[in-house]
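Two complexes are shown next, each including chain A; its partner changes from chain B in the first to chain C in the second.
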Partner chain A sequence: MNAAPPAIGAFERLQRRAFRTPLDGLVTLVFVALLAGLAWQAIDWGVLRAVWRAEDVALCREAASGACWSIIDARHRLILFGLYPFDEHWRSTSAAVAIIATVVLSCIPWFWTTRRLVSLWIAGFATYYLLMDGSLLGMAQVTTDKWGGLSLVLFLFSTVVLIGMPTGLGLALMRRSRLPVLRLVASLLIDFIRSLPLLTTLFTAAVVVPILLPDWLQGDKIWRIIIAFSLFFACYQAEVFRGGFQAIPSGQFEAGMALGLGKWQALGLIILPQVFRHALPATINMVVVTFKETAVVIIIGLFDLLASAQAAFGTGDWVAYYMETYIFVALIYWAFITSLGRYGEFVKDRMKQDEH
Partner chain B sequence: MLGWRDFHRMKAREIAVQAGLVLLVLVIVIGSVRSAQVNLATLGITSGFSFLDRSTGWSYSFSLLERSIDDPYARTLLIGFLNTVFVGSISIVLATILGFVIGTMRDNRNIGLQVISSVYIQIFRNIPLILQVVFLYALLIHFPGPRQAYSISDTVFMSNRGIMMPVLSLPLGAVAGVVLGSVLLGIGAARHAGSTRRALAVWLAGTVVLFVAAAILLTPDGRDLVSYPELKGLRFVGGLTLSVELVAMIVGIVLYGAAYIGEVVRGGLAEVPRGLREAGESLGLGAFAVWWTIRVPMALRSIIPPLGNQWIFIMKATTVGVAIGFSDLFYIVSTSITQSGQTLELIAILMGAFLLVNFALAQAVNWLNARLALKGYGS
Partner chain C sequence: MTMKRGWIAAAVAAAGLSGIGTLAFAESTTLKTVQDRGTLLCSGHNGSYFGFVEVNDKNEWKGLDIDLCRALTVAILGDPDKNQIVPLSWAQRFPALQSGDVDVVIKATGWTMGRDTELGLQFSIPYFFGGAQLMVRKELGISTASELGGGTVCVAAGTTIERIVADHLKAENVEHTMVSFEKTAEVIGAYKAGRCDAYAAWGPSIAVLLANQFEDADSHVILADKLSAEPIAAAMRQGDEDWVDIVNWMLAALIKAEELGVTSSNVDEMVANPPNPTVARLLGVDAGMGERLGLRDTWAREMIAAMGNFAEIYDRNLGEGSPYKLERGLNNLWSNGGVLYTPILD
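Right after this comes the complex of A and B.
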């Protein structure tokens, strides 16, 4: 790089990016007008003309009214908690908060040591499970078939990441092992799972595994789905880790051996910390995708957010307000996924800066 | 790394680990077969593929071929497979085109184009695909009925039964023949025409000629060249009907896929060195020529591998059709399982089909990659 270009003001910058040529100016105006028009429509329908309270649902039928958020006011508990017993909803809320707090805390660099991260996730997950199930805390037990809505989505997401992450690391290590049998088994498994749609894998776990396993090994359907989903996550994550391994020169491992470290010590102390660092952006991306993909479990018959939303507008008076319900659920997903994604970009930028 | 012939160089412990893994796999496989035999016997199901000849007795939403509820399972599964490949290929083509548009807009200097394409990506990439498809489907089935259908100058109609539009009255076989001919022509043109522009021209002109020739020669006697949709009583007759399920599937997958492909394209364009663009500009090339003859060809090399992953993703994403009752392969297989009970065989067919399609796609991407590789760079 030579000398920096001369500094220019904000106005001039805008002019260069928006009105360089007459055509540029026209394009800018057209698209800004289009966007503003759409935004205005959305605000007009969703805010200005909207009906907000459950009692006012009669107003929704008037032609001039916009969005009918009454359905959310009236049915949000069904959407968020599914079939979870009404009086115990506070438990579902606290459990969801525990998982969200775990995810937020693991975004802070202070937690980025294996021990802290593992204890954090196990603590968060245990809190969740104890609250949701309740029997160990002396509260009324709620079995997994009653779990639903947002809490179920968070449960699926966190267990899949918790089980899938170490499994993925294991598969990645197997795939680059010296031993041909280990390599072969890991490669076959990874390539097989990665060429199948997630839905096929989950469906197999829900429907086929009961035929292949003796009764005493089958367990709950939800756990079979979680294990299959974790396997799916692990196979993708193994490839992410493989990318991380490829970034480390083999000389480092040899240097570790030369210092008198054992094979596993060299791996744990020298190689893995760097692998994790290199794989971090892709890992966050994988976590985001996993959150998004949990939405397909409705097809296997779990009562997730989408299923509870369909139940919310599925009865009598509310059928007409499907759009409001879907938008509400879409906003929930969007908020989670966008914030995770933004965090991923932030980490990527930070790592780029560190390299300079 | 050790190869298969190096067993004599391994330590005893290493051999033990591998033998243990082989044993574990064997135990899982044999155990599964054993308990499958026991469980299937209790359910009274005979395994084997003889059920493929039995007729199904149930109907489903969409098919490219003639079908009836007396079809055997084999034909129904084939229809499901064709539906998956059909929706997958159309979505791949459309999503790639839209993705290039979105990615180029993101990359453009103009702030209006940048903002609108970022908003697009932020919305469509950050909401689960299945939710988008279900939402679209709900919107479409709440359209007015055929009598009050929205129309574009009374030739294209949109109602809660789908989109009706005029179509050439060609038999399906002829359409398939023309499409195949067009693909072959495209490949031939790409190989022999020399420049991209000439190849495109040959391909476009040839395809149009093929279509016109087929329309004139192969239209069944006594029918007009073009069939228009007309309202007869409560439904439309004639023309081509794109069912609500089909439209929701394709639009949903394309909008979602294009958001991802747009990011891939933007990344690829950003990697092209600025000097190349400036060189093009100083040669007096216009903005489009710089984009089409310099930046896209250079960027393609970094775009193709992740683009191939997106194509495979789109093919796999067709399985969300089951959420809105579109009869893709997954839908047909899961319905067949509830109806016939032949779970293991049907799942094997489902997996086999996806392995086959994705393997073929991966090969196509590799071929593209090898063709585009710069001579003398890398491997």
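Right after this comes the complex of A and C.
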């Protein structure tokens, strides 16, 4: 339909779109029926016939019962907090809230100045760390090996993006530098890291590095992982930024210089804002992928959301209800990733406005 | 057991450093390190492993292997809580041991020649025996693996089980098709859906699954033939014999206590009034138990008081006191038809 349709009612529009010919109508009906059938199955299993409370777990065994959400009722604290001590869970909750708040706040345009963003993130991370570790606030210390579940995933994700984003920009700039040494170093690093699977990189950081380095230089496993993960992120992000740079004609830079701007001024005022705009869709993509890839840390023994979910059903009483646990975890991931995607759309729209 | 050998080999060999890791620890004894640190570092799991390493509703570790770690902690440091359980994947357990992230790996780990030699490990006396077994539907009317001719076997990919089953069936000249899946849950799903005639896995795991994940448990049967007997033992770094002695005698004392009828509830009476000289020595009434290992004379007494003897630990985690209700079978004392025995306590 090329011409703009005249104002028509919803019913008419539906008729045109879905029932234009008898075959169209048939296809529509068949697919609607299929979808409705699937949706009914899901609701019937997940809601209508479901068992909700931990005390009612005996009902789950009956053939007529659907989903057994009792496992979530009984084990959700394990799924969300991993091995974090039971009595201190409020700290883990508050820490996770602090991180989420930091991410949400930094999505608000008012915060988009370097000083505000930096202070916001420092405050957010300090809150997280002080609460989770606790020793500096005079509470019982909880060492990083006990951190887990959703709070750990959020922490890993936000630190990796936070460290990786500027590093990636730095690498991209180095790769475009006129100094051959910088260019070579950046290219070698980026190509080397990108040729390795994430799993290998993390495994090396977790397992091989301690064999190589003396004790005092090793640091906590979690920090080794974060550094390796950030480097991995940075190398991919650098290529994303490079794409952004290449979309900008070199004449713009020269024009900036001609107006009397310094090199860095031209970069910061003219080039980078456009680079960010061009790189945005791919960046959002990277961020979403990184959020999901945090699950890889399970293999080097961090108790992330997926590991704690597996621990939740990995005991005789609950082993039958792995499906419910995975659905619960999937919903958590879905909630976060949808929000990230929505935010990406919002920023894109906003940048479009700026263009006009 | 269910580990991907390739990763370890890659991690350790690619770095080519397992030797260096071992050398670095040959100097200082592990016992001294643990005592100075005041904490024993044990292996946990990245998730739960039925009955051996699990996490309870209070976010605390439990299980047979965890209890053995706690027993070892009592023996060395006098308090079952003075340990740190480091979550490790199957693939990561040996590199973690070599790099000093843990002092001992007690994690349903089979004693194999490759691990004993190439990976530079030492194993304790076995504390558990489990092997690959097959489960089939009763309606097939099969009673041994050799009757599986023309059938399909479902198995988890990348485990020792896969090879063991293939070798066994080949040796018996049984024609079969092997279908492997990445996750245990997928294997079970395929078996339930009738995609395969038999499900092959570690015996104890099958029993656990059958008891808990099958509505029609009665219509399935676990074939009696054990395709392998995998001795499960604690793993330690090569080159610290004193440390191996301590772990060995920790296990031996738990088994000996069961043999002698010493339990967590009667240990105090036994100390007050030892029925025979062996009990007196075990419980440190007569001197000698501690000094030989560099521990307190009363270490076994405290350990049994805190954790119970081997039977109590087994029942709590795998036997009657657990959801699994796993029979002792091979894992009973030699005098009760099993294969567990201890060296002589002289």
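By definition in this document, the second predicted complex is superposed on the first by the 326 of 356 C-alpha atoms of A that agree within 3 Å, B and C clash if a C-alpha of one lies under 4 Å from a C-alpha of the other, contacts with A are read in each partner's own complex, and residues count from 1 in each chain.
What we mean here is this: contacts are C-beta pairs under 8 Å (C-beta built on N, C-alpha and C of every residue); 3 or more make two chains touch, one makes a residue touch a chain.
Quantities reported herein were computed from a predicted structural model and do not represent experimental measurements.
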item	value
Overlay on chain A: chain C relative to chain B, clash or fit	clash
Touched partner set for A:Ala64, first chain B, second chain C, both or neither	neither
Partner chain in contact with A:Leu83 - chain B first, chain C second, else both or neither	second
First (chain B), second (chain C), both or neither touched by A:Val181	first
Which of chain B and chain C A:Ala10 touches, first, second, both or neither	neither
First, second, both or neither for A:Val32, with chain B first and chain C second	first
Larger contact residue set on chain A - chain B or chain C	B
Single chain B stretch clashing with chain C - from 112-120, 238-246 or 364-372	238-246
Intersection of chain A interface sets (partners chain B, chain C)	203-204, 207-208, 210-212, 298-299, 310, 322
Contact set on chain A toward chain C in their complex	61, 63, 74-75, 77-78, 81-86, 143, 145, 203-204, 206-208, 210-212, 221, 298-303, 307-308, 310-317, 319-320, 322
In the complex with chain B, residue positions of chain A that touch it	14, 16-18, 20, 24, 27-32, 34-35, 178-182, 185, 192, 195-200, 203-204, 207-208, 210-214, 292-296, 298-299, 306, 310, 322-323, 326, 329-330, 333-334, 337-338, 341
In the complex with chain A, residue positions of chain B that touch it	1-4, 6, 10, 14, 17-18, 21-22, 25, 31-32, 35-36, 38-40, 109-113, 115-116, 119, 122-123, 126-132, 134-135, 138-139, 142, 312, 316-317, 319-320, 322-323, 330, 334, 337, 343-344, 347, 350-351, 354-355, 358-359
Touch list for chain C against partner chain A, complex	7, 11, 14-15, 17, 20-21, 44-51, 54-61, 84, 86-89, 91-92, 95-96, 98-101, 185, 208-209, 211-213, 215, 322-324
